[in-house]
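Shared chain: chain A. Partners: chain B in the first complex, chain C in the second.
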Partner chain A sequence: MSTRDTEGGHVPKEPSMIKQKELLSAYYDRLVAAPQTGQKVVYTFVPGNLTELLLAFDVLPVLPEINALQSAMRGRSGDFIAEAERAGHSEDVCSYVKCDLGMLRAKSGPTGKPLPPPDLLLLSYTGCFTFMKWFELLKQEFPKAEVAMLHVPYQADGVVTPEMRQYVLAQLREEVVPKLERITGKKLDEDRLRELMEKSALAEDDFVAVLEAGKKKPSPIDGYFGAVFYIAPLFSAFRGTDDGVAYYRLLREEVEQRAAEGRGPITPLGQLDDQRIRLVVEGPPCWTSFRELWSMFAAEKAVVVASTYCKVGGLYDTGFRHDPRRPFDSLADYCLGCYTNLSLPSRTDLVARYVREYQADGFLVHSVKSCNSFSAGQLLMLRSLEKKTGVPGGFLESDLVDPRYFSGANVKNRLESYFQMLLARRGAAAERAAEVTP
Partner chain B sequence: MATPVSTQSTSSAPRRPEEIAKACEAIAFDVSFAPVRAWKERTGRKAIGFLPIYGPREIVTAAGMLPVAVMGGGDRVEIVRGDAYFQSYLCQLPRSTIELALGGQLDVLDGMLFPATCDVLRNLSGMWRMSFPDKLVRYLDFPHDHRPLVGMRFWENDLRALAHDLGALSGIVPDETALARSIALYDENRALLASLDALRVEAPHRAPIAEVYALVRAGAVLPVEEHSVLVREYIAAAKAADRAPRDHARVLVVGAFCEQPPIGLLVTLERAGCYVVGDDLCLATRLVGEQVATEGVPPFASLARAWVEKARPTASRYLPNEEKGRWLVDRCRALRADGVVLAAPSFCDPALLEQPMLQTALDRAGIPHTCFKYAENTAQLQPIYEQAGTFSDSIRLFTEAA
Partner chain C sequence: MTYAISDMPPRAATHGFPCFVGIDLGSTTSKAVVLDEDGRILGRGITNSRSNYDLACRIARDEAFVDAQMTRLARELAADPVVEPHVSVLRPSVERSFRYRQHVRQLATLRRVCFELAAGQGTLEGALAAIFDEMEREAETMFSGLRPRPSSEFFRDVAGGQFQALAEKIAAERRVPFETVVGVLDRAMPRVENEPDDLSFEGNARDALGRALGRYAKRSDVLSAAVSAALDRVIAEPPFVVRSVGTGYGRARLPFPKEQIRSEILCHGLGAHATFPQTRTVLDIGGQDTKAVQVDADGVVTGFQMNDRCAAGCGRYLGYVADEMGLGVHELGPLAAQASHRVRISSTCTVFAGAELRDRLALGEKREDILAGLHRAILLRAMSLLARSGGVREELTFTGGVASNQAAVAALRELVDEHYGEGRSEPLRINVSPDSIFTGARGAALFALRGPAAGPARGEKMS
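Right, the complex of A and B next:
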């Protein structure tokens, strides 16, 4: 593997990485200062987030699952989870929820500074039942906060019906907007909403170009570990902003440059140009051991060319864009279309499509204990995908933010065996091809 | 040929309550679903399964089919293939349900309805589509917006679409008249179950939980009219039986709304000194306990409204503002319960996430509570016996109620 550009073990930072860090840092500063600035704060979730609508009211979105994963990446989630378990929460349940509740009890945000309390709990219930319980718990912690429930119907039949869209639209217009108007004291400016959506679509175009660069050989991106950084602005507070547009343009240019030069993505072990294995990954990352897990892939020269996790905040690569000409319909379609809102057969078809289109050698299911929405049914997906694609699947288990469920040695053993099998299979195929070629 | 299961006495003498309960147990826990097979052979009609916590049985019946609540395999199915479908950290009910399906026991069902109880059952609907493509599969996305012109309208549309799909399968598309007739049958059944609950509150020694549970659960597989006959017979028999009251604590059991505890666990609670005067067991057939038919409201609209306005507050329903905690406290008072047993299935996100909120409400109200986890195939009951016994003792000996 090439490790050029690495000096003294430090992986170089690209301009987009520096810009993203600045954006997120400024965002957390704004959040921390909200009680002083008087800016209203809305807690909501990544899948089906209504960022443009929130920004049209100049409110600050807080995404509890992002706070939880940020805590995990900083090595703090274990303590927060322990705090929640001491308060009576079961070891069996979602660790995102416990991490968030632990943070509240510890009066600490992911950066160590406390986050502002919510003025509104916008429960966008898209594809995760636990979200509902989470916000019931948060409502108990913040009894003064308003709650707006947005129930997004599940795409069980693999389609969005007019009734489903109508249901979401009615809730947006009659529940979400009035509550935002009430907490902010402002009327919705639809022209402002359209402007924001226009910018969203620009960023989304560039984002899709970045993701689809994974089809190239070598892939200039890592579509799982790398992509979780790529999705951060789009899935959080920066869709519809000038900063968001600028970030994705910069990122796209970097990726296109890397592709033009035949360079791979930057990994914890340096730049991965020599890519032996191309993979598709289904399931969320393990945030507590993110770097360690990525390094295991990089050490084996394995690159992830596409993943489902970076579609939880929107399935842009199948064509969806926020559309300023029909802002509310577009918000409804966005919520209904997130990956987490897809049925198991639709998810399976999508992964099969990625395996084919990204010419993957295999696919790996990362099953996390915390997330039943993702995990229930993944073993059947695995078998079905092997049949559909003809490529072998691998299976890993750990957790989102609970460090107790990551066993490095076990994961490494399993990964190495899987990669060896993929390489042996490829070798055997090459031998067979050589035998039939005179 | 399926073995017919009798729900009625073969002699002219009235049956004792324990005899009725024994007959119910044979029906309720038959994982071969012989009563359903017998009904299908007898009538030549179809059966539709549904999972906890809800199925619109009124519509299934109106479409000329038998609704069957599938509540897992309990402690009567050995999991051989089910574990290959679910990771170890997922609950037991879906794996035993898939075990039953792969073993052919659920072939008797011509379709399956999957309510929006949790993410696991939601995804099981997709697994069903992938594994049994020839069967009708429907997901029931009940609304969490409760306004008449928004959530209720969405749900009513969904129920009408379901009626259409079921009608296409059975050849009888239920209209408003057929649905009204069906609702009346279920309302009669609900009224009888309410009488049974009242008996438990007034004289829990007359209706032990294991008997009540078997009786209620038999309703999961029997035609509603037959079940109503049984409930009526049991109430009369229980009232007439000579059973002495014991010095037990009166408790509510909460959390077992989906995956059911083994019946041995319920017996253990009672043996340990707890009369169960209220519970959320077997919610699949009891989520709506009040009368559904509403004066002046058409049947489909009544059914939609029943979910929104009359369904019990339970962990799978979104209700903000600590409504469920208040409901539990009020229910304790109404049933004169001394304490609450919070019994949740292992790995059940809804029940376990709900538990701390309920505990807070109970603490505020000064109502004693204890909690444990179980699985449908839990075999180690001694720790539960000891815990429930200690809980009962603490209530009887050391609280103001004592």
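Right, the complex of A and C next:
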């Protein structure tokens, strides 16, 4: 992921940024070479994914959401979506799906080189109700691919019951593992799986320390725009790898150094030390206008201290770590516990907790036009959060990767209004306090 | 006294009459409000935004300053026991004289530009000459005070309406295609609007006063001398801008430091609070935005919702509908008020406005009945934003250009009662000020008065 500055100025690259770029680009090279090397390829989704299990079989995971968002950040999603719409998909269909299908039809990949076809479509059904249709469509594109379905029960009541865990475990053992064994021709090596999980837990500890640095003032990280980069290796193919461990150690050291020196995160407008507004954000970023949107925050000296999006793959705040002592249980718990599998009240509680623990001035909800799965109910979350926290919420609307839905002037107007409103309230509160204590 | 957008420093002078200016550069109209040190409104100015915010801003400001000086003159006159009894007649008369001068100047420019565009086309030039001669004659009576003032104050609407009506008659008489004649007007009008003119108070006040006094039956030398002295006092102490605050869609165009630019949501909240202090909810329907804003007892915004990038159901939609019907946008409300029943309209999409309208007309529906349905459809969309922002619990103030449309107000009244009226002993109060279009600019001016600090004052300094 590039760090080009929209303003044309120089934005310094930190070692972790360079390291991440190298990791991801080497990974894409391996993917592109897979048809030659004969390495098996599994398409699966980001939330609650089974990376350790896949790596134990030496297969290469491909995450279609990441392909879509990378296409958007490279300015190619509009064309891919148009390609899918030419094939008959409606304007209202999830733009991730259309971007992915259009990319396949254009015989392209996020980097321009086509990705290898899947040997297995591992349909991890974790909270997003479009996932099933998505892979149904991919199955039409790749009729030879096997399909394994992992149905993860929704945390409707905000808890994981023993029955839910058992249900997932049974599918792992009876459906997922046998299919992986069949396509790779290997038996599962459980020791290997444990080794991978040990490394996952190391990286996860460092990752949590990085995100929790957002509690500091000034915050040394941006917990939304910046954290999007921090989550990339962990939520994709690098959990359980030495590269993953090394990356998160390096990142943690950088962030701790930054915090010790009282420095803010690097934004498209430069380092943000002077932070006027601390925010929590719910909802994914708008990938087509990622830097433009980030710049709007930075220009107002607003920093995001915590976000739900960087829990979309898995939720570690509440103490979960991959556990080599009970590998299958922790795979199941990871699937069941990821943010997308949480109910509206659980999501609301989490955001409220962030507002409190990260001492945020406000919270913003980003509603995604083409995503019914997660945008439905967000306004109700907003109202209930306002009641719970006593802090007013802001509301943005755009899309994940469809550039047509982003109106810069509209979004800027909303953001500026929201920030000015927070500052005005702060001013009024200060005056009230001054009146009480003469 | 001319102001350019580029030369509006926060402190233009160190002496004179201190003023605070709010500028609201909307997508359709640009507004300016001038306040005195006590937060009282001295003057207002408004013009079409066209596609030139710099010019629109300057014109709105100039107008507001002319108006401000008029107010100061009226205050001076009212303070003089000799003149005081005549002020209520004098002030409107002076204003009409001013408007007349402005109109005549712009009309002369329009005539010149039209002739430039029609050069060498004999019959067309003849028709234009006949039209303009008649328009110049009409101008005399238009600002005489004997006829009601034109319902729109924009030169484009007033002169355009006259021109079209005359062209219909004269083009037929002279066998010139109507479209050709009106085509010249369409091309000329933007050029006229983009040509700035000196319409300053200082340069024109004496003439306007002379004209007003000339019409004044009970004029006497004593009165004339008193009025002249009052004018001298006003001119001797020119207004100076202590601070300006800008808002609105085009606010980024203003050469102000960041802290002097405010979101229109905050400005509408504060402006509505200043006009109606019990306001807790503000509905602002502007040219391309609809906003529902909740404010506290001090006018501080506590929450808001606005439309997404689709401007369906905003003022611009009414503009398209008016164009489609061959009406001025200010004529829609009165026409809709004549409806005998309401046609159900499904779409407030601006792009489909024309098609929806033609469909209904083709089905034999009457224009006024369709318009009544359109206004309800617009307000229904606004109701959804109001609900999203937290609903209407106490006083609601309706602001923005669309609030001056009586059919929109009636539709809002009906819908608020339907949605929030149940179980109330008396209906929720809905405030609409005749100056609702200036609410954002007034809020901006109040922010200017409060000073550069981001924090608001608690309780307005209103004497």
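Assume the second predicted complex is superposed on the first by the 430 of 438 C-alpha atoms of A that agree within 3 Å, B and C clash if a C-alpha of one lies under 4 Å from a C-alpha of the other, contacts with A are read in each partner's own complex, and residues count from 1 in each chain.
What we mean here is this: a residue touches a chain if its C-beta (ideal position, glycine included) is under 8 Å from a C-beta of that chain, and two chains touch if they have at least 3 such contacts.
Please read these numbers as outputs of a predicted model, since none were measured by experiment.
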Touching partner for A:132 - first (chain B), second (chain C), both, neither: first
Which of chain B and chain C A:410 touches, first, second, both or neither: second
When both partners are placed on the shared chain, which of chain B and chain C touches more of chain A: B
Partner chain in contact with A:433 - chain B first, chain C second, else both or neither: neither
Touching partner for A:375 - first (chain B), second (chain C), both, neither: first
Chain B versus chain C as contact partner of A:167, first or second or both or neither: first
Chain B versus chain C as contact partner of A:420, first or second or both or neither: second
Which superposed partner A:147 touches (first chain B, second chain C, both, neither): first
Overlap of the chain B and chain C footprints on chain A, listed as residue numbers: 369, 379, 397
Chain B partner contacts - residues on chain A that touch it in the complex: 87-90, 92-94, 97, 123, 125, 128-130, 132-137, 139-140, 147, 149, 151, 153-154, 156-157, 163-164, 166-167, 170-171, 174-175, 343-348, 367, 369, 372-373, 375-380, 384, 397
Residues of chain A that touch chain C when the two form their complex: 369, 379, 383, 386, 392-393, 395, 397, 405-407, 409-410, 413-414, 416-418, 420-421, 423-428, 430-432, 435
For the chain B and chain A complex, residues of the former touching the latter: 84-87, 89-90, 94, 114, 116, 118-120, 122-127, 129-131, 138-139, 141, 143-145, 147, 149-151, 153-154, 157-158, 315-316, 318-322, 344, 346-350, 352-357, 359-360, 373
Chain C - residues contacting chain A, complex: 249, 262-266, 289, 296, 298, 300-309, 388, 390, 453-458
